[in-house]
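Two complexes, one shared chain (chain A), two partners (chain B, chain C).
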Partner chain A sequence: MNYKTKKQIAKISFVYIPLLIIVIIVLIPFLWALSTSFKTLPEFTSETIQYLPKKLNFDNYIFVWTKSGFAKYFVNSIVVSFSSVIIISLLCICNAYALSRYSFKGKNALIIMLLGTQMMPVILYIVPMFSVFKNLSLIDTPLALIIFNVLLQTPFNTLLMRSFVNAIPKEVDEAAMVDGAGKLTILIKIIMPLLKPGFVAVTAFGFIGCWNEFLVAFTFIQTQKKFTIPVGLKSMIGEYSVNYPALAAGSVIALIPPVILFAFIQKYLIAGLSSGSVKG
Partner chain B sequence: MKLKKFSALLLTTVITSTALFTGCGNTKNASSNETQNPNDPATVTFWAASVTQERQEFFDWFAKYVHEVYPNITLDMLGVPGNLTDYRQKLDVAIQAGTAPDITNDFRPELVTNGYYQNMNDYFNNWADKGLINEQLIKSNKTYDPNGTGLYALPYSSQTWNMWVRTDWLNSINMKVPTNWPDFFTAVQKLTDKKNDKYGLAIRGGGGSANTLEMLMYAYSGVTNYFDANGKSTINNAKNVEFVQKYLVDTYNTYTSQDDLTKGWAELANAFQSGKAGIVVHNLGSAKSMVTAFQGDYSKFQAAVFPASVQGYVVHAGLMPLGLSMNSQSKNKDAVWKVMQLYLSKEVNTKYCQLYGEIPANTEAAKDSFFSDSPYMSVGVKIETDKSIKFNDTPYYLPTYSNIQSDMEANIQSVMSGKMTPQKLLDNWAAALEEANNEYRSQLKK
Partner chain C sequence: MKQTETAKKKISYDKIFPFLLISPTVILILCFMGYPIIRVFYLSMQNYNLKNIFANGYVGFDNFVKLFIKDELFWSSAAITLKWVVSQVGFQLVLGMIVALILNQKFKGRGAARAVALVPWAVSGVLVTMLWTLMYDQSSGLINDLLMKTGIISEKVAWLSNANTFFPAVVVAELWRGVPFFAINILAALQSIPEDVYESSSIDGCGKIKTFIYITLPFLKESIIFATLLRGIWEFNSIDMIFTLTNGGPMNQTTTLPIYMMKTAIIKGNYGYGSAIGVVTFLFLLVFAVLYIKLSHYGGEKNEL
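And then the complex of A and B:
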């Protein structure tokens, strides 16, 4: 066995096979959910395990989309998540630029505070924020969810974005200043285009956080037609029974926007995450 | 110039979206109504717990029905999905912020003492149809009042617990549904076929385990009182310990699946319905899912009363108080009461109980043939009406009763995994119950 063959065998044994195992472990629950979503309830509860449905049965999708109100929940989730992500991204760019480029009193304390907010469980904010939002007449409105999402997601994403801004040399700002550009012009025209990978990373994290958010949506929304997808999925889980095929169909529907988003931003995301991780 | 345009556009977008998003919602104070005049338009808010799509259809129908009967009343119905813990968390936040609904259907003793519920004695006593409501259930609901007199929830049904057994499996080993505990354990043993991953029993070791274990051990021992005359708990009596030893130690993982350790009801139901377990214990609320799973083939399964205790008689857990409660801060209590009355009417009560697998509180509704003729509902009716079946005095009224059960769940798993003895478990349980009872009694004296 020559050196090249040995190297190939080692690569297959220590890289490809472990990676394949990880991929299988990651994919099995998804494929299982996909398969379950096409099964009928008797097929699902059958005494012999059926890995694949006997035929492609779309009844569960039709049920969750039409009868269970997923059409409404889907739109609500899209509106809340996209609105939140736009605000989060804008805020993160401004915050990150300030934290990266300016020196001011209490900067380190502010960074620690931002980190500190991530250590506290969301449930702690719920009651006080509920009272505040009630006084602002925001309970049972999508705006309440958007504001809460922005509050929850901005600190972490600010710190993430800061590492991307740090990676842009200050000389770029200075060169623009020499050409007569103001701070806002530098931020919008010079920094923002260079922050594309950071923007993608923040968008991805922000979107997933907002899309999957359950607790706040469940607590703050008091009208069924305003529920979001994670709350709607709960209605498949009854007091005494779980409609697993419908739950699986709902979960697959809920997966579609994040999957599409990631398909589009994948190349930026990988570049963004790696550049953010090594330059800070 | 471009920058200014951008800033102006951004500002306009923010203001417009704010207006749009806040405009989308009517920020309602859940229990708010400005009117007290009975003929003025009124909106009544009602949050129902653990609502699935099927249940939501019932509540949507009921909201329409309310409007038909009382054109000036609009029922703003919210079916809260998820389990009771989720519902309670949502309601508790709303209570603290003063946006709780007018009507709720999860009756809790702690909400009696904190003043959230309205005492409905006056409304009930002046109601022409009060005679139609099952007296036992009224009595049971009044136990949540520390004075034992206030009616804080209008009972709409009762729910009995039972065994679900695979009749076809029992037939295959020439056994009948066990009517005593020795037969029960023999059947569990004989039904087990480990090689084929089939077990005689599925034990609830996950969420809700304490509740099931508690009613089964009393069903075994035949003890009907939770506390003796000196306030000592009976939960650690010798026969209860004997049962826990047989059930959790000798049977678990020998005649049950090992993963019973973490099974909640959904997993237990799956084990039973997919042919992995021959017997499970639950209430009639799961009947619909059983019928669906077995496609209505009653030769495969049946509901059954608990086996007779070692004393010779059958003991079931006391009927848990449940009902519709009125928010004491509600601005239009008369309209709320009208909605409640309608909920208890024969038509609505029958429809509700058929859906939920419960026995109607309206005695006229309970006469419906569905309840006496249905293979499973008739078991519930038998449990409630058979004079030979005894109920124990389950202390649902203790404000921390369900917390104690939750606390015991980890200990139950310790017993199942051999890290704690049944005696130790029940001694801990008894101590917790005694403390809660003493606390409750001392509050009564104040």
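And then the complex of A and C:
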């Protein structure tokens, strides 16, 4: 056995085989849900388990989309997530720019505050806010969800965005300043266009976070037609405890946006973390 | 005279500018996160129960006395939380490290492999519940089927209600989602290790395992401390998955402190007692947070104007 074949064998047994195992473990739950979502109820409950549906029937998808209200949940989730993400991105750019370019009094306190918000269980904020939101008539409104989404997503994404601002040399700002540009002009006209990758990363991760948010929506939204997708799914567990194929179809619908987004932007996350966004 | 005045104005605007940038976030956080924490302390000293409003009022430390002395569920929840956090963080660290080391190798299709292997990170707690309910289901789940066919078990197991299996079952489902988080963090750290360090070690004739222990691990130390503490806190706080998968059961055996707080306050409407649980949780996590910030040396800046 020469050196090259030895190396080849090592690569197969230490890289490709473990990789295959990892990919299988990751994919099986997804594929199993996908397969189940195309099964008819008799097919699903039959004595011997069938790994694949006999044919691709979309009845379960049509059922959850029209009868279980997923069409509404989907629109609600989109509205809440998009509005939240717009605000989150704006706040993140402002915070990240201030943190990256300025030293000011209370800067460390701000960073500790941002990190601190990530330390507390969300339920700790929700319980005391319930009566406050009730007085402000925010219960059962998308605004309640948007407020909490912004609060929960801004701190982490600020730190992520900061690493993207840090990557822009400060000479860029200085040159613009020499040309007589104002501070706000520099931020909007010069820095923001350079922040496109950071903007993509933050919107994508903010969106995934908002799309997946469950606890706040579960607490503050009470009428069914205002449910977001996670709350709708949770309510389906009780409602159709036997109809697993429909549940699977609903899950697949809910999975599509975050999974596709993640596949495209995972390298930004690794790059952002790598350049020390959160590590400081 | 006029010139110095505008100069003065300019200086004060310069000083205010960063504050203007951060003020919306700070105001939001103080109103919707700072205030609730103060209010939780206030509520924890109240009898505040939506189901029994006539008995509401100030009760001093009664809630805490009851919590620490009479409430067995509080202590069992605390123990379960600890068991949950330790098992999650331990397994996630080891498995996440293995996944990261594999994904850091050079091979064809690495980008696609990373996207697939790390994707559970983007899956919400509720969806983890859905996917794994289908996997664990006693009569039609894939796990029972595969284990029966390979002869590992002889009869179908009710994974989520059997006393011996529900805890490991919930742990496995959360690991499926949590390992990618660790892998992402470690992968990011691995990429910041300069190549030439490895080159010199291979010239010195270090073996793979030696290189890992003496070169890779020390470089990863800070990231590991960071990821472990952050993940510990997140797993401590996680509600979605456990709540939807087992609802804290069977027999409250998966009720962690945040789940206990949620059930007491939101589901049962007992805000006073729920807040007392929240205060204890808060203080507990505060100790952790201080430890974490000390360890991570946060805030060192080099790129200021």
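Rule of thumb we're sticking to: the second predicted complex is superposed on the first by the 246 of 280 C-alpha atoms of A that agree within 3 Å, B and C clash if a C-alpha of one lies under 4 Å from a C-alpha of the other, contacts with A are read in each partner's own complex, and residues count from 1 in each chain.
Everything below uses one rule, namely that a residue touches a chain if its C-beta (ideal position, glycine included) is under 8 Å from a C-beta of that chain, and two chains touch if they have at least 3 such contacts.
The model shown is predicted, which means the values in this text are computed figures rather than measured ones.
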item: Combined model on chain A: chain C and chain B, fit or clash; value: clash
item: First (chain B), second (chain C), both or neither touched by A:24; value: neither
item: Partner chain(s) touched by A:243 [first = chain B, second = chain C, both, neither]; value: first
item: Touching partner for A:262 - first (chain B), second (chain C), both, neither; value: second
item: Partner chain in contact with A:102 - chain B first, chain C second, else both or neither; value: second
item: Touching partner for A:45 - first (chain B), second (chain C), both, neither; value: both
item: Which of chain B and chain C A:183 touches, first, second, both or neither; value: second
item: Which of chain B and chain C A:219 touches, first, second, both or neither; value: both
item: Chain A: partner with more touched residues, chain B or chain C; value: C
item: Which of chain B and chain C A:154 touches, first, second, both or neither; value: second
item: Partner chain in contact with A:124 - chain B first, chain C second, else both or neither; value: second
item: Steric overlap of chain B with chain C in the superposed model, located at which of 148-156, 202-210 or 328-336; value: 202-210
item: Residues of chain A at both interfaces, chain B in one complex, chain C in the other; value: 45, 126-127, 130-131, 184, 219, 234, 237
item: Chain B contact footprint on chain A (complex, rising order); value: 41-42, 45-47, 63, 67-68, 83, 126-127, 130-131, 134, 137-143, 146, 184-185, 188, 218-219, 222-224, 226-227, 231-232, 234-243
item: Of all residues in chain B, those that touch chain A in their complex; value: 3, 6, 17-18, 21-22, 24-28, 30, 49-56, 76, 78-79, 81-84, 86, 89-90, 93-94, 96-99, 265-266, 269-270, 273-275, 282-283, 285-286, 288-289, 292-293, 295
item: Chain A contact footprint on chain C (complex, rising order); value: 13-15, 17-19, 21-22, 24-26, 28-29, 32-33, 35-37, 39-40, 43, 98-99, 102-103, 105, 107, 111, 113-127, 129-135, 137, 139-140, 142, 145, 176, 180, 184-185, 187-189, 191-192, 222-223, 226, 230, 233-234, 236-237, 239-240, 244, 258, 261-262, 265-266, 271, 274-275, 278, 281-282, 285-286, 288-289, 292-293, 296-301, 303-305
item: Complex contact set, residues of chain A against chain C; value: 11, 14-16, 18-19, 22-23, 25-30, 32-33, 36, 44-45, 49, 91, 94-95, 97-104, 107-108, 110-132, 147-148, 150-151, 154, 158, 166, 170, 173-174, 183-184, 208, 211-215, 219, 230, 233-234, 237, 244, 247-248, 250-251, 254-255, 258-259, 261-264, 266-267, 269-276, 278-280
